[in-house]
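One structure below.
Chain nomenclature is as follows: A, B, C, D, E, F, G and H, assigned in order of appearance, with residue numbering initiated at 1 for each chain independently.
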Amino acid sequence: MTINKSIQLNARNITSDEYFYGHKACGGCGESLALRLALKVLGEEAYLSLPAGCMAAVSFIYPNMAFKNNAIITPFASTAAVATGVAAGLKALHKDHLSVAFAGDGGTADIGIQALSGAIDRGEKFIYICTDNEAYMNTGIQKSGLTPFGASTTTTPAGKVIRGNIKPKKNMFEIVAAHGIKYAATASVGYLEDFMNKVQKAKEADGPAYIHVFSPCPTGWGHESDQTIALAKEVVDNGLWYLAEYENGRFRLNKKPDLSNDVRPYLKGQARFRHLKDEDIENIEALRGEKWAQMLAEWQ
Amino acid sequence: MTINKSIQLNARNITSDEYFYGHKACGGCGESLALRLALKVLGEEAYLSLPAGCMAAVSFIYPNMAFKNNAIITPFASTAAVATGVAAGLKALHKDHLSVAFAGDGGTADIGIQALSGAIDRGEKFIYICTDNEAYMNTGIQKSGLTPFGASTTTTPAGKVIRGNIKPKKNMFEIVAAHGIKYAATASVGYLEDFMNKVQKAKEADGPAYIHVFSPCPTGWGHESDQTIALAKEVVDNGLWYLAEYENGRFRLNKKPDLSNDVRPYLKGQARFRHLKDEDIENIEALRGEKWAQMLAEWQ
Amino acid sequence: MFEIRWHGRGGQGSFTGAKLLGVAASIYDEKFAQAFPSFGPERRGAPVLGFNRISNEKITDRSELTKCDYIVFLDDTLFDESVLSDLKNEDALILINTQRVFSHKNIRGIDATKIALEILGIPISNTVMLGYLARYAKEAVRYQACMDAIRASMKPSIAEKNIEAFKCAYEQGGL
Amino acid sequence: MFEIRWHGRGGQGSFTGAKLLGVAASIYDEKFAQAFPSFGPERRGAPVLGFNRISNEKITDRSELTKCDYIVFLDDTLFDESVLSDLKNEDALILINTQRVFSHKNIRGIDATKIALEILGIPISNTVMLGYLARYAKEAVRYQACMDAIRASMKPSIAEKNIEAFKCAYEQGGL
Amino acid sequence: MKNFKRVPVPTLTSLSDYPLGSSCKSFHITDQNSGWRVFMPVIHLDQCVSCYRCYLVCPEGAIHQNEDQKFEIDYDYCKGCGICANECKIKAISMVKEEK
Amino acid sequence: MKNFKRVPVPTLTSLSDYPLGSSCKSFHITDQNSGWRVFMPVIHLDQCVSCYRCYLVCPEGAIHQNEDQKFEIDYDYCKGCGICANECKIKAISMVKEEK
Amino acid sequence: MSRNAFLNGDEAVAYGVKRSRPNVVAAYPITPQTITVEKISSFVQNGELDCEYMHVESEHSAMACSIGASSVGARTFTATSSQGLLYMAECLPYASGARLPIVMMNANRALATPWNIYGDQMDVMFLLNSGWVQIFVEDAQEALDMTIQSFKIAEHESVMAPVMINLDGFVLTHTYEKVNIPSQEAVDQFLPTFLGAHHMMNDEMPMSMCISAGNQHNMEFKIKQHRDLLRALEIIETIDSEFESQFGRGYGGALEGYKHEDAEVILVTTGSVTGTARVVVDRLRAEGKRVGLVKLRVVRPFPVEKLMELVKNAKTIGIVDKNISFGYEGTLYTNVNSAFVQSGIKKETYNFIGGIGGRDITKDDIHEMYENLQLASAGEQIDAVTYYNVRCTL
Amino acid sequence: MSRNAFLNGDEAVAYGVKRSRPNVVAAYPITPQTITVEKISSFVQNGELDCEYMHVESEHSAMACSIGASSVGARTFTATSSQGLLYMAECLPYASGARLPIVMMNANRALATPWNIYGDQMDVMFLLNSGWVQIFVEDAQEALDMTIQSFKIAEHESVMAPVMINLDGFVLTHTYEKVNIPSQEAVDQFLPTFLGAHHMMNDEMPMSMCISAGNQHNMEFKIKQHRDLLRALEIIETIDSEFESQFGRGYGGALEGYKHEDAEVILVTTGSVTGTARVVVDRLRAEGKRVGLVKLRVVRPFPVEKLMELVKNAKTIGIVDKNISFGYEGTLYTNVNSAFVQSGIKKETYNFIGGIGGRDITKDDIHEMYENLQLASAGEQIDAVTYYNVRCTL
């Protein structure tokens, strides 16, 4: 249970070229960092598909195009469909390039899950990277299926009767794994080498691959823009997020956090959790406990 | 590992009333039997939602309405959405009735999976029953995500280059379970008491429940109409289908088949498998072996 | 313009009969032909219809076909006297696969199932009924064209038997 | 008709300033007002605009606002001399939150951030700039209406401080 | 089904005879399906042991217990699929060719 | 980015100057983002130990190693988020108020 | 007691919804509709509105959930825009065929591709055949008032059809102005609790809904729906009058004329551009020009007769379209032209297309439209279709 | 060598597709389109057609996959109908805005609710604003030929737009007739391999596609698309002529007149009903009646000028619509009427709505339409819109 070391990409041996530049994301945006580094692993020959969402919105504003790669914005619901269409087209034309999709949590777990499920099921090679900032950010911080329990969003505000979001996060990683996908992993921009190496494994997988990367959003979460990496690390260290892989039909945990870590420092740094009462925080800790109990029991 | 005996519904103690009658399904249709018996468990107060598919097509042909219950045909992609809309409407109007969805394999695993995923995620009580006849039957036997490996359908015909469907069935039951649903189960019209009792458990579940019932289709599979029950039993006995439950976050197998059983008698009775070569059949047996290895390892 | 209606059950091959007739008239003869099934959500076992139009000129009419020159029944349980009113004229005929004897002047019967069982070994009587129809509808379709159509449309393994069945009905008008 | 444009950065509250002005004029005064933001996919940190129209008659105009009576800058790094051409007439003014000194006859500066920091304890200068605007745009909006608007729109805990900040700019035109 | 009554086909002479929307009363059955049958099941009551199996497995719900506790077939809706005959363990049901 | 060149804003005087469809050449960057910054990062090269961390974590890719192997910031695209400064373990980067 | 508030169009709709006391709201976020659903969520989370709020996973499901809820008799609201509207397209004739009185706000926005979040009316014009009542509003007050009216129209037993309220994206949805929020009591009086209808699922007489009807019957179902929608025009007028007598604000029903009676040339507009045109009309009238305006408030059912009545004295008519039917012309133009032909009235009509993808329609543009209409009236040849404010040569 | 076969419309399209050698086919089944995709699958599984066949999970994805494939320069085909067409609605202007030359067969079928699998044209008429070239065919041969032509139209560098080929459900899709299948060599000559285009993703100059364009630019993108689609009319005519000279079968381009030159009354039709109308025209001509027919083959771009040319000698025009825009009238009627107004030509036009939900349009119906048109010509008052074959009173 250690961070995978089989392939060793790091800041020094990845390409110094940039394939994602000049975009209009907010300063300190976690998603944009995930894209930037993923592309350094994937290379400029990869064909990219991105649905509506922050990353598309900040990167294709005519006449400013932030990707060096071939890239296409997809209808919001059809990231994986367009990406596999691209893959099929390239295959039919005998062009040996990788088709890679990047989508947000809403675009993945909600409106895009059907296209993703179908694409995995078809079994053709492509990579899908979900950048999870835990809400619909591009439209102004609405609740998605991956918004965590307790978070205040604009559609689950901290109200007098209902205090923020009352549903836990969807188990997107496990849902994908249940499709019997070739390779799937979770990651965090707090652990960037781990993330890059997982992208590399996805690249080498013999079929569809999925990576779910936790990506803080200063604007949507209400934290200082310089805290993005720190929060993304802390959330792994306190067990509210986990690093894991699914390969050859088996799950593997990459890192075991100290579950006695207090979750408060993590929550306190973010406006979206500021309203939480002690009982809410206890609930969050309880959910964490349940999740880890299940993972530790089943994923060894 | 025995068929669940906690609740004991059987032919003698279910209601003798019929709530599904005079429909235009083919003689010997497995799906229609599943519906008929499920309704005897659910009762006539349940509100039903059915998408396009054989069951809707044969039951709502003006002026012939085969359901005694309140019932609505839904757009093909939105069974679970309509059903949860019905549930929300009933709740808002303070009417305490169950909302139940019945959909085919295509309507569930392909075009309807997004609505289903969203509905489970919202966590409100409703029951979703997938009647799996392993293809799009209403439109004339096209491959769905639940068509098994090797089956010839009209979009995966037994051709000179490609012999039938080359993809295994989607793991629909596990995908649903990965959502952390309250109750999920697989069943077969070959084991009707088991099915009815699972419907009863779904009814009692405190949140969304899902049942996936294997339902032979004489027309689409090319078997004699009187073999429907026999095949649905045989497929469980030879391990090509399985009876299982997911409850409180845990899987449970209800029946362990004899995996040394030859799959040929089952396949031979069906025109859709008639073209299979020995190597294809070996492949089917290998897939069966893998699946059971996984289930036996993880679901005990 | 000849207009023909076929009655059968989902699964009995009545529409295949209509298609064979169309192929014969339009591909293996100089005529023009349409063949179309009854449209609808019919399931296996439910009564279904098939239709033909055959003409010396190009057929552009796409409306439903109501009055017929010939009505063919692949199964006598589907027959009902009321269809007599769908006949186009005095000479129009109803052709039924039956063991029964009909005395109406516009009705002809043949035990096509028996022929099919004898020659083909299965109770699929569409090619027999095609032969029976061709026996009467000589202006609509030629004998040879029908045989060519069967040969071209069926797997060689079964084509010859079907031609034999066809011939039997065509030539003997039954046994 | 008074037309006003606010310049700020995503997150600085420039549009809140425009909204307060609109509330003051149309709810706490007898005037009619519109307030609308610049429309677009701007992210936090990017320059954004806010607009007001204020009139004695009902405002139905929905077109873009180009020439202004007042242009307010919440951050002097956003200011650029070229905006002078957007002023409607000789009397039109540009009001800037700045420590710098501008000598142009149509430009007035105030160190709003300093006032905000002193009175509110945070560098959010929109109510200060509203006060500074109200000081000049007396025909567009009344002093009392602005205070009512702030009181009604903000949480009591911060409303009074903001009124103080507003007053400071309104009365002293800076410190 | 026991004591089941079909409803008459509605007379539709004006648009107001048509339902509003795309709705119709539930369990509004105007048709029968007996025409679908090629073979018909016949229960030999002398052999029948009232095991309920045929009643359970009929996809049409066309078998029911009548007032005398005997199993009976509603031939208006039986499609002749043969499942009951096949599933009756003691072969108390036989399939016979339908006559017109 | 090292040696990065912006392209000029296209002149669009007739419809034929517009791209076909909704396409545009990739990496067609006409804008800069320096106006977004309120604070700017300054690398103190004397302290820097070339650990690559700031380069790795910058969401803008605005930090690169120049010809002299020194880490350098492309101020045209740095948005001043402060991540680099925060992540530099030895605090070799400081954030200073942007002046116009 | 009614009260005044400074609201944008989206918020105004949200208050209209709150006052209408829906049982179920199901919606999916999309710019520029989001403020409406955010506001409604906050009403719910604050306990100010007692309804089932469904966080759905897509617009197709937003409409499908609405169909489900409405089909058991729940008063149901949803809101969308642009891509979302098209994503739920399949469900729109579905709901109207089922005669479900769902009310939906649509924030008019451009369609991809290229992507664009600004306001034009391509989205709704795409969907005119959907069987929904299509209402366009001009300002935030009308948005609030029509939200309330819409429920009453939709649920009227002779209408029983879904209603879409169209608000121009940003220029209406995001522009704040003073809005009067009527009191709950007054609205309750105007819009009583919805009690369901016989064709909906219910416990007394279970219903089968959204059934199929073969070629024997389908046409009659569809003609009935069409007939009733045509007849709804009258009810829309009546409800607007009732609203006016209770709240003192009326909108002229399906169409409102402005200085049209003696106008020689008339511009036909929908939505927010009407307001800008009013300014231009006033100016031109001040100069003595006989120009007028007709605001098309209801585009389905299409008010042929009333339109003919309002423009009857004019010689030349201009139709402003914030949409293009690619390969033809503006869709309102097509619709209005047909009204003339079928009424047997010959007028010269001209199409002014503008505002695509959020492009401003300026007062100068409208001024020019009027000038062109006057030239045409005077016998000069002008193009049938003109594109305004295109920033380069064709 | 070409050969004759007895095919239904769906199969004819499948053969047209096979001959066009697509690189990618992505489709989802729906009655009455299924036969086409089944046939194509069998070509693929038998090794007769070398293409990537994608078994997608929905129509939205069918079109999205097509967009993906086409955007890298692959020749792409898909097919759908009715509910499926509406389910992918969002992707249609998406593809056309991106100028992707996708070809799609649409089996025209009624829209739910009530559900109905029969043929009418409500589905395509719902989508006329989508930026697709809309072609309607009359028989199986035309279906096959137009499939081949469609790829050539779509991929023409000045058109570069997706094309939809509409076949009336069942009456065309399921009706068998003799069809000539041209040889592969001949088709290869007519339709060369598609080599992609500069605006598509490629290795030489990477492209960003389906980008966003704000209010500064969006309108120009859209106007360019619109302008090019209008100009495509001419190319459609040319390609049809080229096809005719190579294969001996031409269809008259966007419109085909039948005995129209000296006709006093003309019926305008689309699709299969044209064939039935031909029979009636012949009969009436035999009786000496001056009746004619105009078959509208291309509805987008809308061929205003050519239509005016073909009907110019007629006094009264009838438009047959197999669709209703609820709350207005038949959509073709609306479109044709506008063409008259913008051309400044005054004719009396009448709308004949029939065939909804698969209701037969009989020869007697058409006979009656002609009779009514003649009455109208003679000055009698007839209704602007008449519904044919409604089996009960309104």
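Just so we're on the same page, a residue touches a chain if its C-beta (ideal position, glycine included) is under 8 Å from a C-beta of that chain, and two chains touch if they have at least 3 such contacts.
Bear in mind the structure is a predicted one, so any value in this text is a computation, not a measurement.
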Neighbouring chains common to chain E and chain H, by label: B, C, G
Reference chain C; chain at largest CA-centroid distance: D
By number of C-beta contact pairs, the top two chains: G-H
Rounded Å distance, chain B centre to chain G centre (Cα mean): 43
Separation of mean Cα positions, chain H and chain F [Å, integer]: 51
Centroid distance [mean C-alpha coordinates] between chain B and chain A, Å: 33
Whole-Å gap between the CA centroids of chain A and chain C: 63
Multi-chain contact residues (two or more partners), chain B: 24-27, 56-57, 60-63, 65, 67-71, 73, 75, 77, 110-111, 113-114, 117-118, 121-122, 138, 145, 167, 218
Where chain C touches two or more other chains at once, by residue number: 39-41, 45-46
Multi-chain contact residues (two or more partners), chain H: 55, 57-58, 60, 83, 87, 90, 94, 97-98, 112-115, 118, 206-215, 217, 220-221, 223, 225, 227, 358, 360, 391-392, 394
Chain F-touching residues of chain D, taken from the complex the two chains share: 9, 45-47, 76-78
Residue ranges of chain H touching chain E (in the complex, touch as defined): 112-115, 391-394
Chain D to chain G touching residues, read off their complex: 19, 22-23, 26-27, 32-37, 39-41, 59-64
Touch list for chain F against partner chain G, complex: 12-15, 17-18, 21-22
Residues of chain B that touch chain C when the two form their complex: 24-27, 57-58, 61, 138, 218-219
